[in-house]
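I've put the structures underneath this note.
Two complexes follow with subunit A in common, the first pairing it with subunit B and the second with subunit C.
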Partner chain A sequence: MLWATLFGLYIIFFPGSLSAHKTTWDDTQIKAAFVYNLTYFIFWDQKDLGDLSQPFHILALGNDDMGDILKKITSHEAVMGHSITVENTPLRPLHEYPIIFVSDNMTSRTRQLQTELHGCHTLLIGENMQFLEQGGMISFICIKKKVKIYYNQRALHAADIHVSAKLYQIAIPLQDAGEFPQ
Partner chain B sequence: MIIPRPSATRYSLVLFCLATCIVLCMVPLQSQAEDGSTPLSYLKQLDINDLQNLEVSSVSKTPQKYFKAGAAIYVLTSEDIRRSGVTSIPEALRMVPGLQVAKIDANKWSISSRGFSDRFSNKLQVLIDGRSVYTPAFSGTLWETQDTFLADIDRIEVIRGPGASLWGANAVNGVINIITKKAQDTQGVEMTSLVGTEEQGLQGRYGGKMGEDTAYRFYIKARNNDSGGRIDMDSEDAWDEQRGGFRMDWEPLSKNAATLQGDIYTGSFGENITLLNQTPPDFSSIEDETINKNGGNLLFRYKHTSSETSNTVFQTYYDRMVHDEYICQYKSDIIDLDVQHRFALGSWNDILFGAEFRSIQDALESSDVVEIGNKTQNSALYTGFIQDQIEIAPDFLQLTLGSKFEHSDVWGDAIEPSARIVMTPNDQNTLWASVSRAVRSPSRGEQSVLFSQIRTEKISGVEVPLLAVLDCSNDFEKEWLTAYELGYRIMPMETFSIDIATFYNSYDDLRTASTDGETAQANRSAYLTELSTENIPTKPAVIPVTLTNKMHGHTYGTEFTLEWEPTPAWRLEGTYSFIKMHLEIDGDKYDSQAATNAEDSPQNQVSIRSMLDLGNHVQCDLWGRYVDSLRISDEIRIPSYITMDARLAWSPSPAVELSLVGQNLLDAKHQEFSAQNIPVAATYVQRSVYMQMVFRF
Partner chain C sequence: MRNTIQGLPIYAKVNIIVWGISLGIVVIMCTFFCLELFLSFKTNMLYTTQILGEVISQNTSASLVFNDQETASELLSGLASNKQISYACIRDAQDTIFASYQKNTKNSYRNIQDDITYLRNNGVQKKNVTYLFTSADLTMLQKITLGEKTIGQTYIVVELDNLVADFNKFISLTVILSGILFFLAMLLNAKMLRVILRPINHLVSAIDEITRTKNYGLRVHKTSNDELGKLMDGFNTMLQTIEQWGAQLKQAVAAELTAKKEAQSASRTKSQFLANMSHEIRTPMNGVLGMVQILQKTPLNDRQARCAQLIRVSGQNLLSLINDLLDFSKIEAGKLYLESETFNPYILINDTRDMLAVQAHTKGLALISLMCTDIPSAMQGDPNRIRQILINLMANAIKFTQTGHIIIRVRVDQANGNDVTLYVEVQDTGIGIARHHQSKIFESFVQGDSSTTRNFGGTGLGLAVTKELVHMMKGEIGITSRPNHGSTFWFTIRLQKSSSQEKPPKSCLQAATTLTLPARHPETTRPSAKKKILVVEDNEANQEVLVDVLEFMNCSVTLACDGKKAVYLASQSSFDLILMDCQMPVMDGFEATRHIRDLEDPKHANVPIVAMTALAQENDKKACLDAGMNDYQSKPFSMDKLEHCIKKWTTNMGRDESPNPR
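Our next item is the complex of A and B:
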């Protein structure tokens, strides 16, 4: 009781002490923002996306929180005129998803996804190095409390996915990754 | 010892001051929230270079979806459990505001929500992965047998207040949902070894895969706990338990998913128990007994997702308990079948409806203390429910209407409706209110047990032993609650949030024990007459007692939670809860005795936790708690206490974690509870230290 009262008074008289502090984000929020941002860095084939009445489907596998945050971030947004929908469960054939986000706990299914998506232009995004090594295309990896982008050029090429030069400037290719924490 | 209690006026004044402080502090915070810097919209505006430079918070937060819930919900995450240093589920629940958690002896807990604390807290529903562990025989949860591999718990959702419209009878004052991780999230080996002054434990879990779509895990766990501290007699409440379990999740990359899981356990639990005997002058003796408790369960769940707004879940489980209690040997077999379907009706309505059937077979054995009317009983419970979540104004105003309809062939029918309204003007504010009705069903024990308890009463200067013979019958009916709740959450920034919930609960038909005054008086007089002629009567005065519903009352209170992350490496959480209970016996209060005391739950509770990352993979966590005094009866009063737990942990590599934990460090021992309605002796909670090693590979 005393503690709560004192803390309330502290906030009244020193509200700046809270607001002055730099906001922090958990990695799921940052990765969701990255996924949304990436939609601008990929050259999507209009033919794959269908007519404008067809939504741009994103599948978030294995982490419901990621799906929920992605839904918020992408609400009222569009990719090349297509409204964005986010799903946590595969409700349609996998090749109908231009983006599939594969959470840490689903990394072991990367090869299965690759097999099922063979020849399709679906961007597979993950969040660890094994994902890239198993054929994933882009991975958001947390290093020293910052999220970095890594990519697997061979996998991108195999899926015939074209990425803007700007992304290549800031992202790190798989062969340069060297040793880093998982 | 008389413990002075501050007056209600003083509490009201303090509460008013606190509420004023909170409202005032919201002003600057709210103005910041209105700057347009909502966390996700800010993130979305950042360019990919800026995103790469953002610092990641080290502590995982409570999922955002709970922030907009129209109920007093609190979520314990796996991180909370790990960093608190607790080693059991009941101890973890101490972190939850509005719950009253007290240890009776080394292996028994009283856990209740919003008052009515007891060994068998009959107004709190508890589920583990959708399986109810509320025991219909005794109306309560036997917490000593509710355990699992703690690291496999994903979260514990605690809803204070009624949840009857979804969870049915006995979700009166709260619902605890313990949810374990999916098997795919617990792959590999994890071994934990714990050595301490009060506890030793060893547990291991292995998780693997069967093909692409199926993941599994299994665990084994053994623990050995020391007895509590001696109060009036040598404590004999040491206990040990061994358990094992498994979970398999089938999750193809399609619309279907299924889960199969199960547990099995056995344990020996010591206790000091008051027994009746026929020897005057005491007619009672205290014995130490070891109780064997065994059980197991098997659950299957299938989920089909048709679309983002439509799914169907089918679940069935079997649960078996065999408890060799001294006062009553008990066996039960429960089979439950449940189906739920959710769909969207237009763009405004999200409808959830379902049906459930539960079959309960039990067998109770008579003992010296308890005589059973019908030793075996087969009963069935039929349930249906419907809930409509209506978007009155999308992303702003939401109304949820629902009701549960139940029929039991033992205790009859019940309809438990609820209405909730949630206003979310933006991502930083949630205001909600609800009104609900809930029922507490009579237990098997309350309807078919003949229970005897000895006590003494001073009549004309003479200690007269009274044998209260409690004849439970179908005369005891359901207890009813009508609850009104109001809550507010504000999160002006990602690092700071406040959650306030207030409630007013009105109860009817609460349990009482009533005597026939004339018969009781005649028996007392007969005893005194015999005493004057033979000195020591061979039998105590018998007081016939029946269970009745002759009490009503109301409770009100507030729960306050504050979360603050001053730096990415430091998280603070403070909770405060206040409850005031008023209970009144209907009719002649001399003939009826309340089963619950208005002061057997702490009026004020405070918890403050600090979780600090010191760098170099070292964590230092502190947890302090204040719990107000209790008055269990005129003779039994428990003083207030303050405790402090501390945890220091070091992870030299991701595969290893070493931790040193001290619990109840501020005093050598303290008493937390004493059960009024069961003849089991309480013991002290003692200061303890343990060291734990965790290996993952």
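Our next item is the complex of A and C:
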């Protein structure tokens, strides 16, 4: 319901299309929505999520706006029955976060995060190509004022994260990234 | 309509039935298959489209939520491989078009929003799908979900052109196949009909031939052992039975014919016997009565006269008895026939009255006839039988009346055109008949009571014969009587009015209006001049009687003992009259008459010839007249009758009435 409301607002502000170049809405808001939508296209391991009393934790690093927007978007939503909590600072071990959003200003810490999360099923989402090159898994990159989804298959594989084929239909793999401007 | 169908031959009926059933089955099957196929096509199309919509919805959910119109459009463009899909689009949660596909861009006639609205309002809803078949296409809305959320809808339009084309193709194929099947069914039917109808036609032909030729020996060739074979067997058995029956019938008919011939022969023998008996009895009776009458003309003492009178009366009674018996036998055998000739009833009644007047006067009775003047003077009927009826009744009346009178009344009872019914009654003042005897007196051999026979004699046949004669003349007979107060016998007879009418004789009119006693006297009036008469008779007794009687009547008699001599004598001299016996040796009376009539000299050829014969059958008189004779007198004759006859034929009176004028 909330999602529909948000989407309605989105359409009001961006009539006709969700195209980024036509909107005056913040890219952060779009990316926040994308982060939430992305939860539907990842096959989460129930064991990792724990019982239903355990919330689905999302960590938004480096961009408080992102965290705030995400909080708003997901305040009444759930992933596989787990309520969603969004945090801007890590309050628990990193492997307890199924999703960690890494803002542009935190891209340099990607490798560190990866090292810390080695062997854990945490989806790392970034905002630029460097993030992917440093071992990030999915990146929302603005190209021609439109947010595109890129992914690093190797990193996903290494983290043993299974992505829906539907997402692959619209996402662009890292090896093809050279075709697009940074 | 039902009569028309019933009148058709079997092959037409079977054809109509088989054609009707086959056609009905073909039409029903075609309709069923086409409908089934149409529904199947629709179901398949719906199912396929639903799957397609599901796939698109599933695959475009990511594009929709991640706002990737290109990918969504790319996905929709894959629909181009399905030629039936004319349009498809992805609509987002706000019901705006996110991506679309159109097979033919030129064909942008649709107002998609209106179509979707119409589909939502009128379509069939099932879970995530809403669809609607129209005459032209199938439209479907498929929800796009993300988790449990609906994030958009896939709208697909599938054209039914191919479906209709396929369906038409199927219909064409079905019709062609049905036609072939129908044709094959008809061929099979024709073959089957030939198999069934051939033996039936053989049977019908055989029946026709048998009907035409009556050849019951014909047999139908059996071609099978089925029901038709059994029918053939049955028909052949029936023919065999008919043939046997026919043979038996022929034998029976032959036997019947033989029996009939024998019966006819017996009947002829009986008739001949009757004729012979009549002749053989009459001939001696002629001698007896003739001689007695001659004897009565000679001087006799009282005792002799009484004896002669008794002999005469007894003879006459015996003759009457014989006549009644003969008539009764003829009636019983159905051989009594009435003649039809013109006569004058006035003359007939008066002559009959005169005939019996002597008898009545002898007993001192008045015999009176009263005739109404409206009775036609010329009528058609059998006067001899009418006279016989009258004589029977009048003679009875005279017999049973001792004193008083007998009155004969005649009037017209009914007249309808030429039909005239005469009413005749004979009233007497005699002994009368008790009521309980009245109903029986017309029965054979019945008289009023047993004392009647003792007192008055008679056989009781007279009234029975009279009754039969009256019935033969389509009349009735009856009696009213009281003992000791007399009797009235009445009868009616239906006669024909003759075309040649004349006024009633004056004497008759007088008789009708006045009571008269007959003018006739018992004495015989002899002819004034000697008449030359040729008597042709082979019986010696009759020869003697006739000669004596005729000489007594002052006639000149020449005798011939057979026909040949009669012809010779007739050709040699002229006679006033020839009295001709019929049955004679050498040449009978008929042939002799023909020879005489063939004589060259008209004077000899035209001589009156009167048959004097004991042949008393009706056809005997006809045979006499046919041979050329002028009149007929049966034996035994009375002198009165003979005298009347001689007078009749030796004067112009008889010649004018002759049935054989020359």
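The definition used in the following text is that the second predicted complex is superposed on the first by the 154 of 182 C-alpha atoms of A that agree within 3 Å, B and C clash if a C-alpha of one lies under 4 Å from a C-alpha of the other, contacts with A are read in each partner's own complex, and residues count from 1 in each chain.
The criterion applied here is as follows: a contact is a pair of C-beta atoms (placed from the backbone, for glycine too) under 8 Å apart; a residue touches a chain by one contact, two chains touch by 3 or more.
Keep in mind the model is a prediction, meaning the values are calculated, not measured.
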item: Subunit C versus subunit B, contacts on subunit A by residue; value: B
item: Touched partner set for A:I170, first subunit B, second subunit C, both or neither; value: both
item: Subunit B versus subunit C as contact partner of A:S53, first or second or both or neither; value: neither
item: Which superposed partner A:V147 touches (first subunit B, second subunit C, both, neither); value: both
item: Contacts of A:F34 with subunit B and subunit C, given as first, second, both or neither; value: both
item: Touching partner for A:K72 - first (subunit B), second (subunit C), both, neither; value: first
item: Overlapping contact positions on subunit A, where the subunit C interface meets the subunit B interface; value: 3-4, 7-8, 11, 18-19, 30, 34, 37, 41, 146-147, 149, 166-167, 170
item: Of subunit C, residues touching subunit A in the complex; value: 58-59, 61-63, 65-69, 71, 75, 92-94, 96, 146-147, 149, 151
item: Touch list for subunit A against partner subunit B, complex; value: 1, 3-5, 7-9, 11-12, 15, 18-19, 21-27, 29-30, 32-34, 36-38, 41, 61-62, 65, 68-69, 72-73, 77, 85, 87, 89-91, 94, 105-106, 108-109, 112-113, 116, 142, 145-149, 166-167, 170, 182
item: Subunit A to subunit C touching residues, read off their complex; value: 3-4, 7-8, 11, 16-19, 30, 34, 37, 40-41, 146-147, 149, 164, 166-167, 169-170
item: Residues of subunit B that touch subunit A when the two form their complex; value: 14, 17-18, 21-22, 24-25, 28-29, 32, 39-40, 42-44, 46-49, 51-61, 63-65, 182, 184-185, 187, 209, 212, 253-255, 257, 305-308, 427, 492-496, 560, 562, 564-568, 574, 576, 604, 606, 608, 654
